[in-house]
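Just passing along the structure, written as structure tokens.
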Amino acid sequence: MLKRWLPLLLPCTLLLLLCGCWNRVEMNEIGIVSATAVDWIDDKWVVSYQLVIPQAISSQSGSSPRGEAPVNVFSSEGSSMRKAIGDASKEMSRKLYFSHNQIVVVSESAARKGISTILEIYMRNADARETVSMFITKGRAREMLEQLLPIEKIPGNAIQRLIENEAKTNSLYPDMTIYRVLLDLLGPEQATGIPELMIAGSRQPLNSMEALKRTSNQAKIRLGDLAIISGDQLKGWLSQTEAAGLVWLSDNVNQMTLSFDCLGSAQEENTSAARVVHASVTRKPELLPDGRVKMRIEVKAKGTLLEYACSDKKIAPTMLQKMEWQIAEEIKGEMEQSWKALQRLKTDIVGFGTTVYRHNPKRWKAMHEEWNENLDDVVLDVKVKFSLSRVGFSDRNFKEVQESL
Amino acid sequence: MTKSNQLSTYQLSIMIMLFLVGNTPLVQVALPAQQDSWLAYLLGAAVSGLFLWMLLALQRRFPDADLPELFRQLFGRWLGLALALPQGLLFAYEASRNIRDFSDMTVMTILNQTPEWSIKLIIISLSLYAIWGGVQHYFRLAELLFPIILFSYLFLIILIFQAGLPDYNRLQPVLGNGIRPVLQAVFPNVMAFPFGQMTVMLLFWKYVQPRERLSKTTFGAYSAIAVFIVFMNALILSVLGPVLTNYSTTPFLETVQLIRLADFLERLDILVTLLLVIGLFLKLSLLFLASVLIVSSLLKLPFRVCAVILAPIIYGVCFLEPSSSIHLWIGSTIVIRYVIPAHMLLLALAFLVGLWRTRKSQGQADI
Amino acid sequence: MFFFGKGKRRTNPFAQDKQSSQEAAFSPSLKTNLDAIKRLLRGSSDLTIRPLRSPLAPDVVMTVVYVTKLIDEATLNEHVLRPLMTSPIEAEERSDPLVRLIGERVIEVGSAAIARSPQSSASKLLDGYCLLLIQEAACGLLVDISARESRAVSEPSAETVVRGPQISFNESIHTNINLLRHIIRSPNLHVEELEVGSETRTRLALLYLNGVAATETVDTVRGRIQAIEIASVLESGYIEALIQDKGYTPFPTMMNTERPDAIAGGLLEGQIAIIVDGSPFVLLAPVTLFQLFQSPEDYYNRFDISTFLRLIRFVSFLISMTLPALYIAVTTFHQEMLPTTLLITLAAQREGIPFPGLVEALLMELTFEVLREAGVRMPRAIGPAISIVGALVLGQAAVEAGIVSAGMVIIVSFTAICNFVIPQLNVAIAARLIRFSFMLLAGVFGLMGIIAGVLAVMIHLVRLESFGVPYMSPLAPFHWAGLKDTLIRAPLQKLIGREPRNVFTRNRKS
């Protein structure tokens, strides 16, 4: 029976192939976008793209001469963001390919308008990944895309690695991927913090290969302050010192280097340093009878000593204890300072509301409308315990050894 | 040696597991229960477990009968036919819905410019080829695919944990909104899908040897896979949180998209698509096979003729819904809420009739 | 060209003339008999008729008939003619009893049998026998003095191993059975001789181990062989094609090998061997897919390295089927799967290449197939030139000229190498053929096409059966004991004495 139909099946299958390969797109037909920037200028969305130029980067022989910049930036504008992206085809010979997009930089003006559009696009479209890191910038977002970074070939990748590295080894800001931003903004407090990307140094931009030919550069891309977003709009900024304790409050600490005093006010400020290797933070809300909330925060951290600037002779156990206490106080101070800053801005980005919700959903239902407004009513009760497990290879301060000779 | 349509208990358990997994991680039916949806799945599995027990009891009374034969014996020739034929058509319709799911998912994720008719054509042809050899050959295919699916899921789960994504706190507060949303999700959603679709097994139980192990094998496979589904649901919730899980149409895909390991193992959602493709394919082929068996047994036509007739019908039906959102709406409101429970009720009725009949034949007094 | 006549005459070419009915038996007249023989052999010039007189019975005319080119002269002279002509016996019998006496007491050759009909004698003459006819006897004596030119037993040409016996079968069926009997010295080894091919009358031997092989399978094989109607059988491949299960499949359902130890192993597991005279490749049936990935060396080496190598073989098989297709799918449909740096490298390579990915891949693959076939036909002396031409000129220069990308060359070469890892050539061929359909599917539907293709291949494999044994045993249907020897190779202690041993004998119980 099959024999009779076989002659019919074969041409049909071939017909299928003749119809064309619909989704096929060659690699030299796509424009690989490694970073995106969103501006809101003159009531229009201006979306900028950092396109990678493969020949300039790869180590293939027979490609174009080295002097070409590895990326090219251009922008397109429109009344809706996707329309703007679609209009990019007016000046681009290749189809924009976003699957390798690593970062998205939003300008302050766009953030004040509201980042919900961006988040909406990321949720709806299949080619937009939620692992993209988000940044805010105070000037024009497009400028960030034009900067080259030394050592790294693709700036978009480089910046994402920057924030990843920072989140892992220095824990100042967590890596705010779209996924995390979504979780925060759809959580009970509907607030989040997004780090800022800035160009530090003289305003000589690093946007040409000429600039990279020197051994040192006048301007560099750097992480700046922390932007506080509530709802979907930018509400304010926290400086780096103010934001330092936020990672503790929100249990986002991986590893970090702290500096601390030796014995209090007698010495110069913060001359010794310790490295936090492991930290665990438990946050428990306690509902006080007068309606206020008390947050019990317990921090248990472990670390090693990196720099010892105290003049005491040897690191005796009592000295160790004193140092541990100092460090704990330092951490506690940072946490309280950050909390005050948050209270000033009336935005809970560290997830205290979530803990209350998980602890007592019924009470939360009554409280959650004015939670952010009533942050002043939240009392912190912080307990930090730090243990120095190792002090390194020496047990005395260098200067002290010198003086003892 | 292979002419007799014999199935081993191992083959049966594999098939049950693969059928129930199917596209379940893709479809979220426990929406009202939010962070307790995993509880809803647990409860739903238990409730449908009772239903399964009832089906098995029915099978035990008529050990050599499959579904059409059963209805014929219980309700007589004409009423039995009238009751069994729609069930066959229902299975065909469900197969057609699965094809639609498949093509929607494919077009949405990876092949967004390929015309739908070609994708659906490939699937229905493959499905036809898979069941062409009958029950035995089809179950062998499931046996072959099982290790692949098992290892893929394990691999993905390990990667999800490695990426540090799950946070079990997101499952809290447990029962924060009370038990009512959970119950709302169970009746009828979770009870019907996927666990209520076990009715299709009535067509294959009669082939399984040895007979004594039938119930134990079925329940074993069912429980194992129920645990797996509950676990997967809890895992997705712990990664995405209840709000995001409900917001997204394909939460499992979202979860896997977040995996990023060592700068090179990224963007693994293709692997998920592969898993879902195979799962859907197995499920819809089984439904197709079931409907062909029913139709061929009732209308007394040879198996392959029925297959060749039903295939284009199924292919045509999957074009009927004009858009994917209507398709989803029909699924979540009509099919899950009314059609499948009605089917389950019909079988409950059959069970009662069977009970009554066998009591009568054993000469015992009626209650 | 190779003689595919239908060969409707299933019996023998001798039963053709009208006089055949009259030649059903020898007549007492010597002349009649000789005429009959001459007629049956169509007056071939290498038929020698040698009259002689023997002191046994000096008054009786005797004739020895033989085909000159088929016999061993020394045996004829020393052990047939000389005893006849110098026999001290004085016989008193004449005609038939005399023939019997000669056969019992005079002829000094192992096989001497009474012949009753000219037809059977004629076919035996073509087998290298000589026929002794005497006056007034209605029977003759057939003596086996055949000689045969054949190759010495040497190394296998295609299946060399590092550790293990280095002998292979040769074209003579006698040598081959000899080799097997030396390996399996059990009385249970059963040898059945058959003949196929009306013109070539090729000798076939069916071997199996009594009590281990399933009788239904043996009957099936025997029945299929006996049902063959063909004029000529030149190689075991003909037999393979004619008796294998119906239905098209690119995968082989019978194994063929040159190695006696592989055949012996198969026989001991309950399989059936078919030796075809004239071919050193012996067939083995029934067979599962996983057996085609086994090399005899697996059992001679330790289990850990054998397991590792077996896994490599399976993976290589998969790679050689799907790698070009995967490359096409990933680079033209699913670029998001690649890590960014790899994507950039590949994209840079692709700049300036004129062909789309699918066309490039097909071009390279077809070029490689041409190279490969040329390498097989090439005389030994020019062999190295092909590798130089292929590698340097075609590959490297094509990349530098910008016709193909370097990545594609790597993919194609690696695929080809993976193809060579598969021990059985016919499975490797299947992989090569299927590879092209995968490439086309990938070019149109991307990864979805590959998945559909893989599913189609799986469905096909699962439905295949080799003489009643499911092709994908023991994975599907699942047979736990058999798993110890499929993807892995369990240590020998675990392999011994598992009962039922494998799928070939399992059916025996049902």
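Labels A, B and C are assigned to the chains in the order they are written; within every chain, residues are numbered from 1.
By definition in this document, a contact is a pair of C-beta atoms (placed from the backbone, for glycine too) under 8 Å apart; a residue touches a chain by one contact, two chains touch by 3 or more.
If you're wondering where the values come from, they're calculated on a predicted model, not measured in any experiment.
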Contact graph of the chains (line, ring, star, complete, other): complete
Chain centres computed over CA atoms; the one at greatest distance from subunit C is chain A
Chain with Cα centroid nearest the overall Cα mean is chain B
When centres are defined as mean Cα positions, the distance from subunit B to subunit C in whole Å is 48
In whole angstrom, the CA-centroid distance of subunit A from subunit C equals 68
Expressed in whole Å, how far the mean CA point of subunit A lies from that of subunit B is 42
Each of the following residues of subunit C touches two or more other chains, namely 333, 336, 445-446
Residues of subunit A that touch two or more other chains sit at 16, 22-23, 99
Among all residues of subunit B, those touching at least two other chains are 110-111, 114, 118, 266-267
Subunit A partner, complex, touching residues on subunit B are 108-115, 118, 121, 169, 172-173, 176-177, 240-241, 243-244, 247-248, 254, 257-258, 260, 266-267, 304
The subunit C residues in contact with subunit B across the complex are 216, 333-334, 336-337, 339, 342, 445-448, 451-452, 455-456, 458-463, 465, 468-470, 472, 475-478, 507, 510
Note: in the complex, subunit C contacts subunit A through residues 331-333, 335-336, 340, 343-353, 356-358, 400, 402, 406, 440, 443-446
Per the touch rule above, subunit A residues touching subunit B in the complex are 1, 16, 19, 22-23, 99, 123, 126, 129-131, 179, 182-183, 186-187, 357-361
Given the complex, residues on subunit B that touch subunit C span 1-2, 8, 10-11, 106, 110-111, 114, 118-119, 122-123, 126, 129-130, 132-133, 137, 140-141, 143-145, 263-264, 266-267, 270, 273-274, 277-278, 281
